[in-house]
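The chains carry the letters A, B, C and D, assigned in the order they are written, with residues numbered from 1 in each.
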């Protein structure tokens, strides 16, 4: 009988606390043994609520003591923590972004490559959503022919006033960047981020919504609306158009009501309803893989490439023109 | 070049006035020339609004003077007016009910049969609704095998307080009676009208909703919810279940909105949105047929059979048990 | 730190093997330690595939040795195995039927009552399906007023030729019996099972589809189509009609495709796609409850009541008339 | 009593013959009296089929003899025929394109302006489609706030091999140009037509699909997929995204079937199913307006502006970059 994988979590804000409860209560073959957070009181409260969890002040010490690590700390802390995971040979699930910029992300990719192992998985959870997974399977089956276009929509109900135009690219559009790279199995060569006249329901100077055009290296195209103050609720939709048909996910049909002059259903307030099961599947599959010392999902390269695209995207938004994505040659980096 | 058919309308309440405007403004090959109504002021106002229409006080005189007749008077007046149309050999579109009871309806059927012509069409407009027509065509194609079951729903937003339990059968369920007879191409042999504990949003003693079970002569079954104080809006839905599949109409999907936490669409307040086009098609096709002296739709027999089923339905509702439908033998009546 | 609950499974046919994998791989806080099956080779193969599982020939010995039991043996074996669980004070999740008839089911209810504990949970997994759970929550919220009617549909693609008319009631309709009792929070007082002329795509003498009418003690009504040779696939749908609106679940919308002249989606072949997550939730919640010595779901009484309704349903099908359900008085049995 | 409007149709190919039948059989207040076509046999056959219609060889003579004209001739003939209608003061419904290029279209606009009357209506029938009309009404109501984005899709099953890349812009995209101008009530300032790697199911060198971006003068943006060899069928969809919600039309839900492992509905082969009612409404409303000597729909200016946008679109497609639309100043042309 194999024993459970001993997991440590760095950063127990909203996302980290969510993962803590997931590991402790809904994941088979894993045991949450340690958490670390600069806010010691927050870490202690969580550890107390979840039986048998130790608080470790120094995240690098936590890395040393557990079997596998989930990084849910702020992005600026990722690089150092990832490097420590690589040094200790610990499998790690790192929430996006991999690091704060493409250059540092590339250094992480290279450092992992030198270990000769796959240790880093990036938290692009959409790949584990049953609908995205079914869409990917359908497109890869070839039944619809080659995929030509994606029409995607990413909408939040509202975001904090501190959420600036660039963050719409780096924190929201980044998921769509990964989706396009993954569904097309191709890199994004050029990006245009259009800014229509903004909604009036947003702070001065924030460009919301945005319309991004991804031109893939192989000639396919994706258009993506990102609208983070949509008012209605959280909505993520993807339509793939192929040579012999199309497929759409994210319609959000479950309970259909007829009430007060309307038929239809509820649009959820946030991503938890839409992607809760995706996170569960992501973590369970990562635990299963980590038990064998590996990963089962998006790689450090995926994190690096997404960062490179977002950098170009911010530039396009600023300069109002298409921008080529600067990406290291994969074969040179990964041999 | 053929000249337009000269139409007269008897009864210009809501339904008759609607038909008047339809004939005058949206029907090809027809001309509204006369209207008759006990409320002379109402008839005059309408005639004035629609250019070139004469008011004739006596409906029987109107019948004598026009090419074809639409009867939209109260049900108790139908028998005499229909007999007059038969005497004058005038094609007539008669709103339901054909007459007030099965016996008088049968006499109209017999009287028409003696003329040797098909002159009477009953206003079961659903048969002309594009969705119902497509459903009928699909079922008749045999692609789904033999039809086994219908699951139907008929809902009004609200009805007047004067609308009693029996009227739910005679005025609302009657449309479903015709639909079942038409889709199955069979007579209803037995009817059960269940009355669940009524909604509290209805007057004392009114049994609303009702659940009717039609057992067809050939062994198929239909269940029908009629709920005339549904509060939400007007909804008519029909699901046919056949040996190799099913088909549903009446979903009411057109403009799909996402707004205020909800996705979906509007449920219309009344039947005009749902069946407006059906009435237009019904009248246009009837005009085309009447120009040749005939009809193109539900017959007097259909009106008689519906009345016989409703009579049994009211008895079932009252006595709380299944009731056999008493119907004259068609071959004996129509030779 | 609490240790995992040690689970034993009796019967490792399709359902039991499914549960074995669920407990071993996807359930937190539980460990599959033993299986028992008359087919020793089948049990051994399963135990070998899942690391650290013991084969125990005698199911009663298995009950004695584990912390909690899942019964997935044939129905005729349930009574003895349930009694043994009660004697040993072991929490048990028993697949339906509770036992083979209402009388023996009532004896199990009484025996459990004497233990003074809630140990038996019946495997009506639909209550754990997220859509059913959301529907239940909506109806209980009172937002739609009192629930008046249910319109339900239960369809299988095909069933084995050995599946007889009575089994449609006892093995398929039984789920709908539990759904109606649960959603209305009321007992079924009277049942009518109509048999329309059967589909030709079924063996001689099998009455398929069937249309059941449940009249609840409190006056609400449910109509249920059960059609086990629908040819298309597996479909379970439920529409609740209340005083101020309606709600429908089971629409099965996920990936929407446009392909070969059609738009729409796939109808799954069997219940695994539709209710797989429900089984996962059911078992996880039962494990959580069983760790404290209790249950969290349908009770032995629910199993008994369902059996009593099905007995009346078979009688109605046979005799072609409504049949009153004979049910012990709950207050007398459970004090 | 007013007499019927005497209509003449120039060009009786597929579109013209369709209009001929529409005027003759389904339009109130109009009478088809003359047709003209270079293919005299075709004109004669049609005239014979429709009672009371005269064949006139010279289209300019037809214009002189009727009350109002429908032009369904090839685009290159439009300019001369439109000028003749203006000279005779005859109301005219002209199928798109108005003329073959922006310059000649502008001359028609100027010529009409000099008459001091509105005589020319362009056949952008989508404005009369009930779904588009409801969408327009919703957006104009202000309930959703200001409209920010459109996401549109225009798909044909297949087109003739002779259909070249530029025709996708001029014959298909042109409808979307009018839709965007109409819904936003604004001119298109800049257009980009992207050409992803084409489908392999198209002739060498044809750029299909295309993705157009319209940047409106007021800052809103529309993205439009045009895919004329989609294989599946005809599909036109429009999603408007506004500050407080979104609205989608063109879902094409009517009869919903469950059959052979699938649920869903049919995608029609061509535009006739989707826009048949729109053409009926367009022609009826134009007849009503023409009876008073005017029009009721898109103007010559709309035809001119659409041509100017398409010219820029073809240039963008050829040069692979955004192109500014050159448009005369409306106030200078129309005073």
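The rule is simple: a contact is a pair of C-beta atoms (placed from the backbone, for glycine too) under 8 Å apart; a residue touches a chain by one contact, two chains touch by 3 or more.
In UniProt terms the chains read A, B, C, D = Inositol 2-dehydrogenase.
Worth saying up front: this structure is predicted, and the values here are computed from it rather than measured.
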Topological distance between chain B (Inositol 2-dehydrogenase) and chain C (Inositol 2-dehydrogenase), in contact steps: 1
Remotest chain, chain C (Inositol 2-dehydrogenase) as reference, centres from CA atoms: D
Centre-of-Cα separation between chain D (Inositol 2-dehydrogenase) and chain A (Inositol 2-dehydrogenase), whole angstrom: 44
Geometric centre distance via CA averages, chain B (Inositol 2-dehydrogenase)-chain A (Inositol 2-dehydrogenase), whole Å: 57
Centroid spacing, where centroids are CA-atom means, of chain A (Inositol 2-dehydrogenase) and chain C (Inositol 2-dehydrogenase) in whole angstrom: 38
Sites on chain B (Inositol 2-dehydrogenase) at which at least two other chains make contact: 231-232, 244-246, 256, 258-260
Interface residues, chain A (Inositol 2-dehydrogenase) side, partner chain D (Inositol 2-dehydrogenase) - complex: 145-146, 148-149, 151, 153, 194, 196-201, 209, 211, 213, 215, 218-221, 223, 225, 227, 230-232, 241, 243-246
Chain C (Inositol 2-dehydrogenase)-facing residues of chain D (Inositol 2-dehydrogenase), complex: 231-233, 235, 252, 256, 258-267, 269
Residue ranges of chain D (Inositol 2-dehydrogenase) in contact with chain B (Inositol 2-dehydrogenase) within the complex: 1-2, 24-29, 31, 51-52, 130-131, 134-135, 138, 143-144, 244-249, 251, 253-260, 277, 284
